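Next, two complexes with subunit A in common: one pairs it with subunit B, the other with subunit C.
Right after this comes the complex of A and B.
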């Protein structure tokens, strides 16, 4: 079974169209050039599908880096 | 409780003659391409008012079209509410000019400005007023914008979006159980300055200063707008459903302020609603501000997207930021 980190990495790599090895725990909107507003919407929907969760609307605009994404996903999975 | 409901019994709209394609726009705005505009917004073209158009003239044409179609005598119109942030003058209200143009001598007039949430706000005010005062037999709710006169043609944050036009809804009494169900509004003022037009306001009067590109054009912080919209638009829709004891699945059709195709598609996906339960015209018309929900409703009804008995949810986001959603059961 995939762990949360590898699933997040896989989703981010697919959505932002960057090699999987380029996604790290320090990845953020500042380090990924293709992370624009449209791709961000796709990221939220892809994460919801991957983890079968609903990301709270209040958090959607804040998920701008890997660490925050991991934190929220772990919260949603509790 | 009244023995009747207040419903939308007619719709229509007006769009000016001039069309501006992305190709036209990119001749002036050379740092973007037509394809880039489509990828960011879904917008392919917009409508630009001619020199002879005014907010009042466009609104008047739309109003005459709906009154003629529904054969409503003008004397029976008791209320005209106009939602706009680009009226003819700072004052008097543009609704007065429209009342004059229509010779609607029995109509109370109101202008409201809640930016792009204006049409939903105006529908709610009109229906509230009609439920309280039975003497108001019919109301005209008009959303109109001529805001392309306030955009910097080289500013890609604004010019790629904005378009001119007018949308109108005729409200009247309908059998109990039909008409407005409820509305919900919320305001997040934390980013109040993010979308603004300061010139001519009492903090930035024209006296004793020359034209300023910073003050006298609409300014928009795209990132703040986008963040507000993706956060709060789903929330106001869910809040409306909760207070109306409706589930999302109970809503037959959704119509949004036509700001950005990507935003509408996102909200539909986030709420797990199939895309065939909405109608968009932002691709062909652009963002007509307070008019956009009215124009989209007019086209959706013309194209048979809304049937008798359908529950339709209207939702939008406006500068400030304010959010509105309103549910109606159509007769």
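Right after this comes the complex of A and C.
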């Protein structure tokens, strides 16, 4: 589980171009300035590649904070 | 590149952003789909090669308008994707009538015309073929969308200007599979059809064009011998046991690798050998082995000894007078590959795959990524020329004074002005020449054509011959008349290929340029030196020719000369022929 967290943190840091230590479990679309609709698309692509999953169409728009990302990734990996 | 994870590319790209500087290479991407994720992947691939990119994405589905906006970029990439074309016409294209079909076709024809027209002055344009591979095929007849795609692609190729490269994206789709290339889920929600796998492969596919435009193309490929050019080890198995036979199970793969090396040699790539072996053993194989394809005549340079390969590759670079970053090294040993990676990171290494049937295609794929292999008559002669260079070097030792040696060469220059037939070679020289290049301005064929057509500008190309052979077009000078003062001319470009350096040809050419300017009623010539990592040898060139330094900055020196004050060098042992065509 810790591993999933660190991978999510790494991906979010790379996609949004913020230092790793700035990504926390409370990070969200409101706390990260560079999180716009185009970066969101890059985030989905990067997460899917990182975890080798396909995020369902209806969830793509929901991944707006760290907690939800973690939840859905664990859901997809089941 | 194709095997790197996207999140790693993003992270690496951020680090490289702070270290790779220099004049930005400006790229604009025009598209009728969302292509946002391409940006960082493309940036990364350029920064890894020490090119500083500045990439601008056009507006969504705005190709036509954007093509008039980005005409002055160094490179424009156009994604005109069939998915969105079809979508804008009908949810089911096969059901449209002939009239609508023709309207769609003619509309896109005219859009292609506008794109080509708006971008005709741009140094380089990449446009993708249209594809029908997203749509369900019928295996016995062509569907409507397939027919349209064929007609559009024919038009695209027929009408293209010389600055346009058409990328066949079906080849990428075939390589990775359409399901791996297109994400219909994100296309439907965000009009973003391309997967990361597609984008990484696409960037690898266009890289050779960018390397060519920016002077980063590779020039040489150096092979190890045992288990790289043939199966087996001479020292252990013996010369009669090594295998490169067309008729043996694994020999065939090495036979193909040798065929690839010969193919490269014939196209002007320097092919060399760097091997830990007894030199006489390898020479024996190259000259006498019944199955050898890569014969001695195709090999320009050989380092066969027991010294470490890093030192050998360094001396190969210095003897051939080429940069380390223009070399590719192929070896089967992970020890040697890692040594080179660590000691000379500029050199690209290729390790022979452990699964041997993959070897020839693996090699060829990498080669297509690094060499731009258009067959061009100048390139084909190059192998012979590098050999002549070696003969000249050894002849040099027989003459005591360098002037005596040079006059014994019977050097003659043929200087042509504005010769349209030499445009490809002139552009190639501006793209490839690094050392004797005073301003290092890279030009495409289209830009050279514009200089020649413009009455204010003049393009000089110089072909050099001596008693050992003809070097072909090896020097270029581009002159631009000052728009404010038509008595003043600026030397925009003055370059010479490294294979004619050291023969005082530059002074003869400068004498000639000044003579030409005087006879065309100019009174003053201006020039500048722009330093790069590789052109230190020409930093004093204008001072040596009596130019006056008028301005000096860290990245720039400006010079000026009154033509009446010029003192020609009058080097009598080099003869000059001249032809003017404008």
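FYI, the second predicted complex is superposed on the first by the 76 of 78 C-alpha atoms of A that agree within 3 Å, B and C clash if a C-alpha of one lies under 4 Å from a C-alpha of the other, contacts with A are read in each partner's own complex, and residues count from 1 in each chain.
The definition used in the following text is that contacts are C-beta pairs under 8 Å (C-beta built on N, C-alpha and C of every residue); 3 or more make two chains touch, one makes a residue touch a chain.
Model, not experiment: these values are computed from the prediction.
Shared-chain residue A:44: touches subunit B and subunit C both.
In the superposition on chain A, A:17 makes contact with subunit C only, while subunit B stays out of contact range. Of the two partner chains placed by superposition, A:8 touches none, neither subunit B nor subunit C.
Of the two partner chains placed around the shared chain by superposition, subunit B and subunit C are both touched by A:60.
Look at A:72: by the touch rule set out above, it reaches neither subunit B nor subunit C. Touch counts on subunit A: comparing subunit C and subunit B, the chain ahead is C.
Residues 37-38, 41, 44-45, 57, 60-61 of subunit A lie at the contact with subunit B in one complex and at the contact with subunit C in the other. Subunit A contributes residues 10-11, 13-15, 17, 37-38, 41-42, 44-46, 49-50, 54, 57, 60-61 to its touches with subunit C in the complex. Across the complex, subunit B meets subunit A through its residues 39-40, 222-223, 226-228, 230-232, 234-235, 238, 262-263, 266, 269-270. Within the complex formed with subunit B, the residues of subunit A that make contact are 37-38, 41, 44-45, 48, 57-58, 60-61.
Every residue of subunit C that touches subunit A in the complex is listed here, in rising order: 5-8, 10-11, 14, 34, 36-37, 40, 185-186, 188-190, 192, 195-196.
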